[in-house]
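Worksheet: the structure to be examined is printed underneath.
The first chain written gets the first letter, and so on, giving A, B, C and D; residue counts start at 1 in each chain.
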Amino acid sequence: MPVNETLRILRTVRYDAKHYSLFLQAGRVGPATLPGQFAMLQAGDGLRPYLRRAFSVADVATLAGVPCIEFVVRVVGVGTEALGRFAEGTPIPVLGPLGTPFPIDDLRVSDRVALVAGGIGLAPLVLLARRLAERGVPADLFYGGRNESEVLKRPDFERLLGAPRCRYATDDGSLGRRGLVTDLLQAALDAGTTYRRVFACGPQAMFRTLAALLARTGTDASFALESEMACGFGVCLGCVVPGRDGRFLTVCKEGPCLPPSAIDWGAV
Amino acid sequence: MPVNETLRILRTVRYDAKHYSLFLQAGRVGPATLPGQFAMLQAGDGLRPYLRRAFSVADVATLAGVPCIEFVVRVVGVGTEALGRFAEGTPIPVLGPLGTPFPIDDLRVSDRVALVAGGIGLAPLVLLARRLAERGVPADLFYGGRNESEVLKRPDFERLLGAPRCRYATDDGSLGRRGLVTDLLQAALDAGTTYRRVFACGPQAMFRTLAALLARTGTDASFALESEMACGFGVCLGCVVPGRDGRFLTVCKEGPCLPPSAIDWGAV
Amino acid sequence: MNAGDVDLTARLGPLVLKNPVATASGTFGYGLEFTDYVSLASLGAITVKGLSLRPCLGNPPPRICETDAGMLNAIGLQNIGVEAFLTEKLPELHARGATVIANVWGDTEDEFRSVVERIGDDPRVAAIELNVSCPNVVKGGMVFGNDPAALGALVSAVRPLARRPLIVKLSPNVTDIVACARAAVDAGADVLSLINTLVGLAIDLETREPKIGFTTGGLSGPAIRPVAVRMVWEVRRALPGVPLFGIGGIETAENVVEFLIAGADAVQVGTASFRDPGLAGRLVREVAEWCARHGVQRSSDLVGTLKTRPRAEHRYA
Amino acid sequence: MNAGDVDLTARLGPLVLKNPVATASGTFGYGLEFTDYVSLASLGAITVKGLSLRPCLGNPPPRICETDAGMLNAIGLQNIGVEAFLTEKLPELHARGATVIANVWGDTEDEFRSVVERIGDDPRVAAIELNVSCPNVVKGGMVFGNDPAALGALVSAVRPLARRPLIVKLSPNVTDIVACARAAVDAGADVLSLINTLVGLAIDLETREPKIGFTTGGLSGPAIRPVAVRMVWEVRRALPGVPLFGIGGIETAENVVEFLIAGADAVQVGTASFRDPGLAGRLVREVAEWCARHGVQRSSDLVGTLKTRPRAEHRYA
């Protein structure tokens, strides 16, 4: 049951000119959030941006003892720009948690899963890693970014999953393997690793390659999709992706976490 | 010759919930400003407010040794609200100085003038008082406000003009006489004081009463008018007041300082 | 005066609402999505997503984009169909005490007639609103909405079948909104809603493709409010007896009051519900407070009270 | 590629501009007010305030108000008259190297003809722009602008007298912008400008009076951009050979490029010059930079390059 509340900024941590973490009071949204869910944040009360923006809840934790929600944000336009400039204490209207989370209830300690992140797609995987770790489900991270400095929250992943389980790919080879994150996963699969389920979040191109790859191996998967959203709770019907059955699926409600097999990748 | 430049906020001094002084770097606007002129300030780069807002240059001075321009602002809507909330150092686009200043070049030390302020209409009179003081022209201040706390910059006026020359009227009698500022002036005129020129700024109702009063006594005057402005430099033709001759006068260019005799008060 | 003492009743011909704040079709889902944020019973009315005879899949994405002070949409009228609405949504809406306006559309006159017939005299539907103005369809709405004669013909065809109060929602993409209003009223509309969205286009410069898959989309939000207020005023002035819903860019109680003064008997809140799903409920209270602060006993006393000045002709020097 | 290497030339039939960034009538005075902020010679063109035969006093205030992402105005076409313009302003504009578009209007067809005749073949006037679309007059513009037949008749009457390139500036307050465009072109317009302002209304709630003395005003600014871009695209698609000025809410180089892609050969910057009087000059440079960054050698290569997808009809489940 989503909550419409106003939460104050506790801290903003900048990674580089384009990336930051935004820590808000946890409010009622935080404790209710499952991995893969997101929230709609209003950046200021002006007309630009006009609509709320969607952000995965990256983590639910504490900051100096205060319960908080963390969002990891890449600056791409007015909304993400504005959200990063607010002072500590600024009240931010938050609607959440929203959407269908990653399916993890059926996982057991004997299962092994993969987390695949491309760029800012790391965001929903932090909380997922935390919950899997709490439940003792072993998870391998495959994380691709442009370069070392764009690979974010590495310490968190390595602490939660164990450093040896975290593998990286960068475009320039500055961290891990040079190349694509999907190559990393391919290599692992080729080496005979089998995964009970693959959880992924990243750019469209990554999803496409991954969907094809996983379809070939018949691996179960859940992708945390993105699309432009006006409402975030299933009423504008603006955020849809074409489904296999010819219908359109709402990314905000039926998603964001959807099995790639439900999507008509040819029509995306 | 107006300058279109960006000046940083040096300090914001709040008087009460509705009033503040905004100190900007003087830039090239400051030194060029004559009393009665104004500047157009852009409050943020968003869409609300969309247009710049007009503010009289209240003073040109220094703040901790740094040359500055001061604006005295009453909060009435989004623009005046936003301008008061910016942090020190925020760059503000400023266009100025604009408009026709108060006519003071012909004044001599043997002349005596009156400054009449109603409410936020004090703003342009501070710089005027400063220039008159510099030139040794004696000036009486008549300043009306709702109550004592809405009478702003009293120390400045009293230092520049001499405290005995400053008379106040408040609605509630909390400072000076209870009643209207025009009553104060009326009393002075009735007592036989004659003024070479009356400089005034205030709300419409004050202007009207004052115009009638001064027309009766045949006193020369200059009123710093206000109106809604889109451009501030004579091109939108949005800011006009009806003139005596049937034409419309631009408050931003032919004004803001206009002789009340030029205006068709019946049509305002 | 206290806000609680203000009479908010809005009378729109046969349709009487407990207050003048309703929600606009397509921006409030089927209502039930909002129960976490607002009490449906507290609203003047809720208008549900445009219903067609058969479930409609809608347009391929992208369907929406943000613009300055608004957004474009071309959802393509995706909906579950009138049948599913009546059986799956309406009972719960009714149980929750919502005053329900069924917004309906068709690709053809026949389809319009069939949807309206299907609703029949179901008392759980407070009124039927014909969307003759959706600009996002290839055939369908557009044709009816922008031509007074076609509009009149459509309303005439539907009117005899409509056994609930009939609202016609007008398109603003016309030269003469009064002609459209008159055509709808002459053909039997009980109430008019105005406005629907303005047709707009926004382009992705990198791909040189429209940001909306359908190319153009409907512009909504604060950007269009002055156009909407103007059209409400024009229609009110020309047809003073016709009840009106004002729609377009409403975000605040002041915006509601502006529409009432312009001549709307009630309003519908649209896009702003995306920004804040609890907005419509809050506006009911805030309109009451505004009235109380201004000594207005009945909000209906505000309706059509705009004082205009005579317009001068050009004067030359 | 460097910005300096980009060819910015804009060809609009007989009117060739050094770059596609012009200014819009009524938002750039007579040009000379801007010399402190921008080099007039650097602009594609400047369009001066609408000129009438006799000096016109304009409407009583209030004439303007801000709205969300824009403003309303009803200046009432105050201007110094064509005679004073030609003798007092044009010589200096010419000396400064400005490419001057004379925007003109009249209350009657005769007045339109007389203004155009008075300009004659003055080579210091690069083109004449007919404002048939100003919504702020009681008689006059409106009548011509919103009816294709009246518009065609007016342009036909003026065309033989116009000895400079003739631009017709269209009103967006119409059902069918293409019909208006076609009427103007068939009657001899060399170039079309679109759009003028949308008619809007805003109300002062305390006085219950319109915020604009004339009651309604013309809505301009970013709020109207999607409507303007759509109309440019519609006209371009229907009349691909007709040169177009795109106007409406332009603030950035990206906005200019959007209009070009939609089908405008050049643009006119309006209300945004009030916000920042130096804007138009900066946009010339920024458009060149945008082109350089995107490997576009000639800005005219962008014109009309919108890639649209086929529009699907409604699909039902």
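Just a few scattered comments:
Convention: a contact is a pair of C-beta atoms (placed from the backbone, for glycine too) under 8 Å apart; a residue touches a chain by one contact, two chains touch by 3 or more.
None of the values given here were measured: they were computed from a predicted structure.
Farthest chain from chain D (centres taken as the mean of C-alpha atoms): A. Set side by side, B-D and A-D show the greater C-beta contact count at B-D. Between chain A and chain C, the centres computed from C-alpha atoms are 37 Å apart. Once the centre of each chain is set as its mean CA position, chain A and chain D turn out to be 46 Å apart. Centre-to-centre spacing of chain C and chain D amounts to 32 Å, using the average Cα coordinate of each chain. Residue positions of chain B touching 2 or more other chains: 47-48, 246-247. For chain D, the set of residues that touch two or more other chains comprises 57-58, 60, 68-70, 222, 315, 317. Taken pairwise by the contact criterion, the protein chains are fully connected, each one touching every other. Across the complex, chain A is touched by residues 68-69, 315, 317 of chain D.
Contact residues of chain C toward chain D in the complex are 52, 54-60, 67-70, 72, 76-77, 81, 107, 137-140, 146-147, 173-176, 198-203, 205, 207-210, 213-217, 219, 222-227, 229-230, 233, 249, 254, 257-258, 261-262, 305-309, 311-317.
Across the interface of their complex, chain B is touched by residues 44, 46-48, 87 of chain A. By the touch rule above, chain D contacts chain B in their complex via residues 26-29, 33-34, 36-37, 49, 57-58, 60-66, 68-71, 73, 75, 78, 221-222, 271, 273-278. Across the complex, chain B meets chain D through its residues 1-4, 42, 47-52, 93, 95, 227-231, 233-242, 246-248, 267.
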